[in-house]
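As written, the chains take the letters A, B, C, D, E and F, and residue 1 is the first residue of each chain.
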Amino acid sequence: MTRLTRRYRFSASHRLHTASLTEEGNRELYGKCNYPYGHGHNYELEVSVRGNVDPSSGMLVRVEDLDKLVAGRVIRDMDHRDLNGDVVEFARLVPTTENLAEVVRSRLKAAWAGTFGASGVELDGIRIRETGKNIVELRS
Amino acid sequence: MTRLTRRYRFSASHRLHTASLTEEGNRELYGKCNYPYGHGHNYELEVSVRGNVDPSSGMLVRVEDLDKLVAGRVIRDMDHRDLNGDVVEFARLVPTTENLAEVVRSRLKAAWAGTFGASGVELDGIRIRETGKNIVELRS
Amino acid sequence: MTRLTRRYRFSASHRLHTASLTEEGNRELYGKCNYPYGHGHNYELEVSVRGNVDPSSGMLVRVEDLDKLVAGRVIRDMDHRDLNGDVVEFARLVPTTENLAEVVRSRLKAAWAGTFGASGVELDGIRIRETGKNIVELRS
Amino acid sequence: MTRLTRRYRFSASHRLHTASLTEEGNRELYGKCNYPYGHGHNYELEVSVRGNVDPSSGMLVRVEDLDKLVAGRVIRDMDHRDLNGDVVEFARLVPTTENLAEVVRSRLKAAWAGTFGASGVELDGIRIRETGKNIVELRS
Amino acid sequence: MTRLTRRYRFSASHRLHTASLTEEGNRELYGKCNYPYGHGHNYELEVSVRGNVDPSSGMLVRVEDLDKLVAGRVIRDMDHRDLNGDVVEFARLVPTTENLAEVVRSRLKAAWAGTFGASGVELDGIRIRETGKNIVELRS
Amino acid sequence: MTRLTRRYRFSASHRLHTASLTEEGNRELYGKCNYPYGHGHNYELEVSVRGNVDPSSGMLVRVEDLDKLVAGRVIRDMDHRDLNGDVVEFARLVPTTENLAEVVRSRLKAAWAGTFGASGVELDGIRIRETGKNIVELRS
């Protein structure tokens, strides 16, 4: 079993705020991440796939295929965008890094079979680095 | 002449848009940096000072003094903030990295004498890294 | 199951030397890490927690809670300190990176329930980077 | 169970090309990695070992032993070399990162018992970073 | 005067060898960089421009213009290429990092006026990082 | 004029303390850098040389010559050492990064002519990174 990881980057803004709490409750829970006008990050996304190397090509996947999938399902909608305003899942979901990871995984899973169904290669997991101090990972 | 550089970080959002152009002109000039809801970055700020090392302490400056100046004049107003909405200079100035660098330099210069006036230590310059691919520098 | 990792840094000195060996045996075993006056590193500590994301907050833990735990149990005693002279566990234990990792894990485990007991969030593991070439990890 | 990882670097060239495809098939499969004169990378290799820390030394392995093994079996033959022309396994194997990882693992496994047989320390896995965007991992 | 720096990457192979020396002289002068089949690197290129910020756009240059110039004159010919075999200047010039920097500067200078002639923005210099240990810079 | 920079690393411990101040004065001036048992860092040293590229070799200097000079004059005495206890200049000089930079420059200058006297290549300057947040530079 071989694992291959590709790294992507996107720059986005967000604001942590939930309708289920008062203004004061939001400030207490999210601190400076709740400032009214929002803020932003250079997000780093790692997508890992696992499977068996194709003996004829010596490759697990064509990285162009993976890049195209991630570009079309994630980067196009999130790069230079505001997560709260531009990404439909966050209309009713707080765009924490944990929820962002879940949205990214869910989008990739939904489209996986269309690209990699025949190959037997699986999505192993994703990792999102929000800042140099903060990483969230999901196994898939 | 010795030069000391300190590195700071802040996460902010912004949108590039100027009132002097049409919507279409803005889109053409700023591209994806003009998307309506904005986006954001993990900014990295380097502040360099130059001068003579104090022979008794072996130090150019007390880094706590520099940190306090930068925190009070720059980080407090910009970290986890929206440059367009939260930083007064950008009410009428497009928050490009070039203009951001000028705003940071200008704020530090204005407060410099109050902290370092007696020491003879000067602000040498600043450097702002917006992403891993983009750096703007100003000598002071 | 989501995993969140926070990165911390501390600068410490240490000397590798064991009373169970002769001077010559120590030099042979630890090489330059046995030099008599010691040396030091900028340690990088990653602490990973795992559990289920709280659907109302969208967060696994409040990172402030984790930061406070790590600061109080690890950073306060180790940053800008000498591991041999300042950290009580190393009075009789050689401060190799392997032992340091065990001490950090043990300290966090002992205090875990006090901070995260009610939440069901567990310590997943820790990772200590001593230099750019050397990493030790413990699963918890 | 403790895991220790060491990081090594080597600079090598390679060309992706397989005799089982036509020139055009190679160009389509490998893209710019198939350019006729080849190209190269600064490879970063991480080797992880797992086992129990020796209570008397406080160490999992002597890193000099691991370094010597990796230097003799991998770095000596690959650093500043052309993978296709200089590394015997690639006479009939395409030097993709996936195959390179397998060759490195295989070489280390074959020599493992000679160095670490008595210690009970096992090869946990390896990780090769070809560029900042591409990583391949193998568990052992 | 503001300075803006953009970072680019390309992966290339090369071999250091000069016709003016014997085989033995080449081996002595260039060491492992003279191995017969060559080797390669992930080169990192920084291009710096200096000038006055356009007050209406708040920008020194449109980075797309700079990216296009660098892509067309440097990256297209050097990425995933062999410097000795694919880059015409190195038919008679040893592709050391020093000479590579000169070739890159010369190519950018030759095309500068066509892109930036009207703007008054000048090429400030370039920096090439061959490995994490080796950097060559040229002011322009 | 070409500039070449080489990066070196060494791990050392130190304590900031001056005999010209009381214990309390030392604590106030140096803060946690004055803790009695000292602490340490992974120092990163960049040495830059400038001059004209030798047209026959295509090189500014043989990096082996520079590496040997830096190893013999700096790394050998400082790596895995305690600056206060092991480096003679710090018997009466506080080992701040500023003073450390001056000691390194002074050692390199003193030995420069012996290695590079005939070549016309000059020491351009040095840069010492103590942590990811702190850099000191000296032009030579």
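What we mean here is this: contacts are C-beta pairs under 8 Å (C-beta built on N, C-alpha and C of every residue); 3 or more make two chains touch, one makes a residue touch a chain.
Everything numeric in this text was worked out from a predicted model, so none of it was measured.
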Neighbouring chains shared between chain B and chain D, ordered by label: A, E
Fewest hops from chain B to chain C - one hop per pair of touching chains: 2
Chain of greatest Cα-centre distance to chain B: D
Whole-Å separation of chain centres (CA-atom averages), chain B against chain F: 29
CA centroid of chain A to CA centroid of chain F, Å: 42
Residue numbers of chain C (touch at least two other chains): 132
Arrangement of touching chains [line / ring / star / complete / other]: other
In contact (per the touch rule at the top): chain pairs: A-B, A-C, A-D, B-E, B-F, C-D, C-F, D-E, E-F
Touching residues (chain side chain A, partner chain D) in the complex: 1-8, 53, 56-60, 62-64
Interfacial residue positions of chain E with respect to chain F in the complex: 16, 18, 20, 29, 31, 93-99, 101-102, 132-139
Residues on chain F engaged by chain C in the complex (per definition of touch): 9, 11-14, 32-33, 35-42, 79-82, 84-86, 131-132
